[in-house]
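Below: a set of structures, written as structure tokens.
Both complexes shown next keep chain A, but they swap its partner, so chain B is in the first and chain C is in the second.
Moving on, here comes the complex of A and B:
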């Protein structure tokens, strides 16, 4: 019956996903991230930091985290795109990396667990359900008291949910720091909906809203370029746009002439095709401001169509600073402010093109 | 009458001593903490458990009401008084005696610092049982029972986990009217069990069965209240004895 604490294994587990954290701790696998283990890792980190400072020829006393990052990037250059996969020398004690808190020991020195639902296996999930059910009972009791006094509200005050949604299963797992099954998640949502269905649920408004995620409107993310004034007192604004491999930038001046210059040339010379010129004019035509502005564009890269698309996006963005927000929202809904994500798909080996396969011969 | 209690509690304290003092002592050296632990064995009913309830209280809480004759378990027949209109009636004198014994065991386990786990798979009383466990500082499990929670504990929870020293069943049946898996598993892991057995339950695997009604809310509230009071009393008594012991040590040192 007597079990010694297992001695720490060789390599610490750096990345943790819910699948990895699932209980199979009897196997000689990941060790416990006890406070003693974390302390030992912190000490080793400090010693390593001093060695690194000596290697780089810098002062070990004033070696900050940025210096460490710089030195590691110099000593171990990595071309990997995923920043989190590059070599890292950092001790972060938060829940996102390194030492996830769920691996901490759940009982005291006398062996008694800290949480009263420890023996269920899923203590945090069940304590959330217990808490939630307690609140449902409290609201029911409040309703009964009101009914007894005769003050039961005929038009119950509903909780203003607004543009929010329930937390997803992944978000709930991250909050509870333990894996839950889809059944458990469904029961949680059902019980929450039951709480919301009660007339006097506004008592528990704060609790309910803490388990909901606000959906921000897309238009709130739009960055409007600032409206500047040049020496002659004319308003102008600058914006950039991209399409495929083209990069374009435009300066929109509130002159009132309607002139368009692209890379120093007149737009008729630069874009001989009508379709490209239509693309440039579309944002102005949509807002009804065709003759008002002077456009000074510069564009490079790509072909004629993609250059036109890049300039169109740049013009739409620059126009935002001249227009009220409702007009800007109309432009967004028309799709003028959405960058086109389509790029050329690469050719794959064993195929003639990106999608086209070689001709199939029966024999 | 308390011989069964004495033997079980002695075994319990021996197991507790093994976990706390890993070096096996061939000659038991009586320290002051041993004297504190042996105190309930020397005095009869140290925690005054028999004052907590009377047979009339059990009757008012409808503890005597059993199920119909068709549901009756053969091994529950010794505990039944009679059956009226085919409804079984549990003998409250026997219930009172068993309940006193069970409360004594709970008190002595709590006094010795043991872990008590409350189990009930009845959805009606899940919240009540969890609240009871929280209020007396012990543990509860009123949810779906995963397979190897006792028998495969070191894999389920982690190496070095301490299992409960006493399991209290507020209802021994699960949602499909079969005996709860924990009854058999606690028997396998040598954990003493206290359980409220209704006339359709099997009392054979429990160490301290308490024949009584497990369906009425009044009855279950009574049991919860009784267990909570005994555990709190036992813990207070232990704190008192430890304080007295500390004061004595300080006066000796001075």
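Moving on, here comes the complex of A and C:
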């Protein structure tokens, strides 16, 4: 407030009285939502929901959010493409569009802030650092006590970090709901490392792990299609794949002779180009299983290259059920199991294509 | 018998070897010094040069045509890629396959006093129909037949540079260039027959030129080659004479009519008249005369044909059966005929072809010489002969 006043005094006075300027400064910043205000809005929403149910002729007691969405879509039909721009009737209290928590008011009716570190400007960050340093001191005290009793362990138990990493700056900002600078983040990490360096840090394991992010091995996300047996006792598995706008599905049968059928036709006729057949061959060749399986493929959409890519992905996924885990990991690292995210970029108005601009004419 | 033991020590892929005991073949990859044969004979080759002696035990093996036969027999009639291969490898090797053997056996057993039988090779694209036809034609040649070989009937119905109205019949059109080319090739192929066959009728070409009855076929052919304008009619005359004479008791020759792409005769053509309307193949002299030959109202020979989608006009790529390619009219004209299906390579034939390319050092890539590489090749070409050949061209 004081700073703003001084800048107002320095800048040339264009118009208006000091009273007007003070009113402008007071309105700076977004509107603060108190919990009472939020509560009142929720009550109004409930009443509105009952009115809507009555209007639609449905039971007000059992009117769920889906029914609300349906009714609003019926009453206010919108042709907008962006779904988030359409009419909405919903209560969202979490960190979202409607009532972001950081905008919740931080002081009471008497103007006294709730948090003791409010006047630092970054209350949550400093409270975290304060908490962290308190734990560091606690661990040191514990160590001194052990040393005094003579029970200091020669090989102290370390915290099992496993495959985890520290929270990134963005993640920490999201958690603290306030912006922090990179220097602040570095101090935080340094203090955490200092805590970890101490011998008896296993006391604070839970606190440390709560600020670390687990890195899961990617292959654990891969869903292996189940291996089924058909009437003749032959193993087979089915999988689907996609690429651009093509969707393909493959049934891989064991004890075969390397025959392929695509949409009922021989693959030599469906894919006359060598490149497409090489794409189909790649997963089988990579695993060294060329003559073993019979493949029955069906594919639709897209062009020849994207259909071949979709089938390739489907074959790789289907092969996973015939292979051990390590081979599956090798396939993933080879890039056979990753769906290609590239799709056609839309054409923008004012440009000739997605990226190409109109010819620039000087005059 | 040491050779007998040798049979069991061969690789599993070559367990089909049958004629070890008779011809003394030695596996070229095995470093066995049991019975060192002086020539490097291999499993995929056969020494039998005469198609008449080819039998089931030679299926999958390559036989070499002597150059003395190749030059006259196929002046221009082999597939283009095969001609390139001939030049590269410096030899002409054809694989003995089941469809050709079947037709040759029928030819051997047929009764030539009956009307001529029609054989039609059909199959998917690139499976070896033209090569089977050439194999059969070679057989006919070695047996001393008169070979009337039309390399590709599609060439007569498309891309015609000169179209003349026929002097003989006003509604028909002549193609002098194609006719002269064909007459030249015919002359090279049947050199020794030309002086022997005498004409039965008199042909008048212009007010001053005519060919008398009793003159030899050679003169007629020369007339056609020198006088380009009337060459199409000469072709018609040649065909008529041969058709009339082949069944006669006095004739000492048999006529083999070999046409590649016979579905062109009953299809559509891309040739346009001056008023931009399309020409029906019937209105072309060459096609008209060839159709007359296709009818089995003559005896003393055989008609061997192939269906081809590759050069055909206005036909979908997936068509390969006789019904689809010949159309209604063609099927009715050709009916009854003996259809012979030409499939892709079997395992044995593929192996044989692969060994042949290895022997000729055509596969240079080190990966292609391994087992893994072979499996990849099998997958990529799906045992289709022409695909395999194109694929190996890159390696």
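Odds and ends about this structure:
Just so we're on the same page, the second predicted complex is superposed on the first by the 251 of 363 C-alpha atoms of A that agree within 3 Å, B and C clash if a C-alpha of one lies under 4 Å from a C-alpha of the other, contacts with A are read in each partner's own complex, and residues count from 1 in each chain.
Throughout what follows, a residue touches a chain if its C-beta (ideal position, glycine included) is under 8 Å from a C-beta of that chain, and two chains touch if they have at least 3 such contacts.
Since the model is a prediction, treat every value here as computed from it, not as a measurement.
When both complexes are overlaid on chain A, the residue A:133 reaches chain B alone and has no touch with chain C. In the superposed pair of complexes, A:290 makes contact with chain C only, with no contact to chain B. Counting the residues of chain A that each partner touches, chain B and chain C differ, and the larger count belongs to B. Within the superposed three-chain model, A:281 lies in touch with chain C and out of touch with chain B [touch as defined at top].
In the superposition on chain A, contact of A:121 is made with chain B only, not with chain C. Within chain A, no residue touches chain B in one complex and chain C in the other. Within the complex, the chain B residues that touch chain A are 15, 18-19, 22, 113, 115, 117, 127, 130, 133-134, 137-141, 143, 146, 149, 152, 154-162, 164. On the chain A side of its complex with chain B, the touching residues are 1-6, 23-27, 32, 105-107, 110-113, 116-122, 126, 130, 133-134, 137. Against chain A, in their complex, chain C makes its touches with residues 124, 317-318, 372, 375-376, 378-382, 384, 387, 391. Per the touch definition, chain A reaches chain C in the complex via residues 258, 260, 265-269, 274, 277-278, 281, 284-285, 288, 290-291.
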